[in-house]
Amino acid sequence: MRTRLLNSIGAVGVIVSVFMFLKPMGVTVAQEGSTTSTPTPKTVTSLKTPWGEPDLQGIWTDESDTPLQRPAKYANQEFFTEAQRAELDKERAALLGRDKRVERGTELDVAGAYNSVFMSMKRTGARTSLVVDPPNGRIPPLTPEAQKIAAADREFRLALLQSTETCKSKSVACAGGNYNPTPSPRRAERPARYNTARMNRHDGPEDGALPDRCLTGGLPEFGTAYGGSFRRIVQTPGGISMFYDVGQGQGWQRNIVMNASPHLPANIRQWFGDSRGHWEGNTLVIDVTNFSPKTDFRGSREKLHLIERWTRTSPTTLEYEVTIEDPTVWTRPWTVKQELTKQTEQENRIYYEPRCVEGNYAFPSMMLAARRDDLAFAQGQGPDPATKDNATDFVGVEDDPLQ
Amino acid sequence: MRRRFSGSMIAVAIVAAAVGAIVSMSITRTSAQAPAAAPISRPARIGGKPNLSGIWQANNEANWDLQAHAALPAAVTQPGVYPYDYARVPAAPVLALGAAGAVPGSLGVVQGDGQIPYKPEALLVKKENAEHWIDRDPELKCYLPGIPRAMYMPYPFQITQSTNKIHMAYEFSNTARTIHLDKVAGPPDDTWMGHSVGHWDGDTLVVDVTNFNDRSWFDRAGNFHSDALHLTERFTLKSPDLIWYEANIEDPKVFTRPWRIAMPLYRRAEPNMQLLEFRCNEFVEEFMYGGLRKQQLVKHWEGETMAVDITRKVPSGDKFYDWYGGK
Amino acid sequence: MRDRFSRSIITVAIAAVAAGAILSVSITRTSAQTQTASGRTPAASAKSSATSAAALKTSWGEPDLQGIWTDESDTPLQRSPKYANQEFFTDAQRAELDKERASLLGRDRRVERGTELDVAGAYNAQFMSVKHTGARTSLIVDPPNGRIPPLTPEAQKIAAADREFRLALLQSTETCKNKSVGCAGGKYDPTPSPRFAELPPRYNTARMNRRNNPEDGALPDRCLTGGLPEFGGATGSFRRIVQTPGGITMFYDVGQGQGWQRNIVMNGSPHLPASIRQWYGDSRGHWEGNTLVIDVTNFSAKTDYQGSRENLHLVERWTRTGPNSLEYVVTIEDTTVWTRPWTVKQEFTKQSDEENGVYYEPRCIEGNYASPGLMRGQRMAEAAFARGEGPDPRLSDNATDFVGVEDDPLQ
């Protein structure tokens, strides 16, 4: 009997060592610029974890720039031609030397703070848009209700700007608004919905934009120009966790529930929703609901519903697809497809330190400045703060031909 | 070599059988692990039943609120800038604690549909309790927490299991209860902690608890009961370090039907774990009686961004009686 | 049958060895472990010696101390000097004492109605028990004269200073004006003492004639009483012991909602670090033959036992002496208070499990109207005095009580 026991121990020992040997390879490929021109989703069955699941592990990012929506001139053209890409690369490279804000000395200038060192400009991607459905590559129309809400919201923000230079000089940031030297009485109002974006008032923390409050980061995450978008995926039998690093200390975690239990009860709402996943063949399908009404994705709040599909398409690529729906906001669901490229483990170029709050000097400073402006004005020693624009920025960004 | 070992085992076994005692062998440990104390071996069974003895602790948020809830800004909140529930802010009593005063989210421990089936008028009482939590939660006064609350307060408790009695001693205050496995007369008066009578149903300890007064709460969310409360608890050892605990809760004066809570209880596996005292009735004297001092003692606190001033109030008339000991 | 049992043990043992695991065998219970009904009369032998009752074991082979235990007779802590070194009463002396003490039962044990110290018969014979006189002349068995050893000079000074302070708070009251025993060692002075504005010399634990703060209250009034060693008082003293292999817990019920728990640590580990002080100390136990020996240290500086505070050290010895009796011996020492250790011996009688006459509900605080009431009363009296509508509260004695207790010939 003892001999049998030892035998089984030995057997286990052998199997373990075999698994160690089979640890995923293909992690050393350098990541300079994508080379494939027309990627098609191939399922790669040999890339599995030691316990036999498709292996999505690693640090992943989109190595090229692709606009969310397709510029109208491309109609239903899904991919750029090589010539188009080269031309775009040339035009965009010329932007690199320029400061991306308006002229020095104007109110909106921030002294070159956000220059090309801070913001990345990557090569133009293969696709004409991240949106692949509808076929025109553009987000579907808003519902009448959502249009109303967006209009009311815009009206409110414009009212807060109406006495500023921005509106006086008819800057694009005041589009749809008008100038009025008398500050709007709406400055005493609460916004119609929970505020998430920058507005020209700093009466309290809730007047701040979510990013200013270190409450940003959210799903779906496609990346922006402001610092990249990296996700590290680690798997275990029955569990997957993803750590997102989107720069500016605004990272977050996702712990995908894989045990087929139902979504959280409806009364529990979360900033990053509730992610429930399962495997369909080689694709990880994640259903995300239970968003908080304090989140906002292009107008969609607590009714946002995402269905993600993650597929490892090669040793160095992962295809991320997400269908986005909110029947109270868009007239139909829409789908985004993005190809992510694996980054080297050893270089470990992901700085997961969501330490936005720990260094958030900006936010309290904006409020302190506002309180001082209020006081100075009350003492007759300063202008009416309502005539200052402390909201608008990045007026020059629209220069990027890719956006 | 095998035969020699068996020989010694036989001798030990015979002696053990003769005195009708348990034979337990000390654990063979590698030297690197030997603790300072000689570990007392704990038999897996006593009297043929699973041995639940040891120090245990719930590890969940049930003491905050039995029901599922998202995280809250604070234990006491007030309306924020927006009139929405999800935009409230911490209120004065707890503001200075920052995130330490927040309430973590929870999947809840109420089984079935997660609802607590209050009668309509009782639901109003629960809401009022929650609103007046600081003034009314008996926990804040270091009062006896009752059962089941003592089972899931965030402090350890010790089970001492014998053959006819089981003691549960809780670290909070001097809370304790005796579970009688034999036949006994009931208590001479109502109780905060109930009268617990247990029996084994296979390997599950089933405890019937009655004779409650109506003074304790279930949690910090204002969930309460009447003196008609009747519990049926079930303790099942799922693994050496895990008890699965369930309580069936009946109270026809307050709820429209029985309902259940369930949760794991984890062993405090530290080698030299023992209960320490948590004699909070001394700690709450300032909270309860500070307004009766000749000179107010706790008045003002100043941090770097906030100063807190305290004004004491002494309830008058009947309210004095109520606040200090009555309802 | 025994052969089969042994053989099954062998098989299990071999498998255990092979797997390198621990072996634990389920208990075979002997049937005669049940506790018999309690006796209400004191144990038969007047001279109880610690006869080891080897047969009374738990089903896992430890001495069985389980049950509800109390001292069914009254024995004073210290021996009256007239008995010198006599350890036990004669039967005649016991009978005489029973006769005298029974006559106390009808009397209200406070001073006459209408005096300031009267509490309208609140604590009469219904509330306080008078039990049969016990066999011993004192609970103290060592020193041989049955009395607590002398205090150290340091402890005497501390006690004197404490007494002086309390007397100062009484000096303007009727109690001192009438030279009541409650003012012994003090004097009367119509002007209230300036010491009313002082802190007591040490952390206060006893009743005093001031209620400026909760901390001016006696520990019992603050629901902070109960403590070790526990020998019993007028409101009863019950301890329920439950054992498990490697563990013992005791729940004490001493009436008035002042119960507490003791969880005896039995694993041989050292006492808590010196920085951790507890109201009931730290109890560490081990078996010496049939006796449970418990060493108790780490007392808090807020406890007080006859003047001993954080340096109190107890060594208890619990021995089951018969089906219905348990002998409790405790050696008490504090080198800063007493010139030598001293030992108490007490015999407990088992109470019926079925009658379950223990009400362990330490719910003192839940009904503590007295403590806030006393303070509120003082605040109202002070306010009235400030408005010129009442006497100076410092002229009232709100501390002294039980002036009649010294009538008990046994105390």
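Just so it is clear, A, B and C label the chains in written order, and each chain counts residues from 1 on its own.
Here, a residue touches a chain if its C-beta (ideal position, glycine included) is under 8 Å from a C-beta of that chain, and two chains touch if they have at least 3 such contacts.
Because the structure is predicted, anything quoted here is derived from the model rather than measured.
Of all chains shown, the one whose average CA position lies nearest the global CA mean is B. Using CA-based centroids throughout, the chain positioned farthest away from subunit C is A. Judged by contacting C-beta pairs, the busier of the interfaces B-C and A-B is B-C. Here the CA centre of subunit A is 69 Å from the CA centre of subunit C.
Work out the mean CA point of subunit B and of subunit C, and you get 28 Å between them. Centre-to-centre separation of subunit A and subunit B, using mean CA positions: 44 Å. Looking at subunit A, one finds that none of its residues touch two or more other chains.
Remark: subunit C residues 2, 5-6, 9-10, 13-14, 16-17, 20, 22-30, 33-35, 57-61, 66, 211-215, 222-224, 240, 242-249, 251, 259-261, 263, 265-270, 272, 276, 278-280, 302, 353-369, 371-372, 375-376, 378-379, 382 touch subunit B in the complex.
Contact residues on subunit B toward subunit A in their complex (touch as defined above): 68-70, 80-82, 84, 86-87, 105, 107, 114.
Subunit B meets subunit C in the complex at residues 2, 5-6, 9-10, 12-14, 16-17, 19-28, 35-48, 51, 53-54, 138, 141-144, 158-167, 169, 173-178, 180, 182-189, 191-193, 215, 272, 274-277, 279, 281-282, 285-286, 288-290, 292-295, 297, 314, 320-321, 324-325.
Those residues of subunit A lying in contact with subunit B across their complex are 190, 194, 204, 206, 264-265, 267-270, 292-294.
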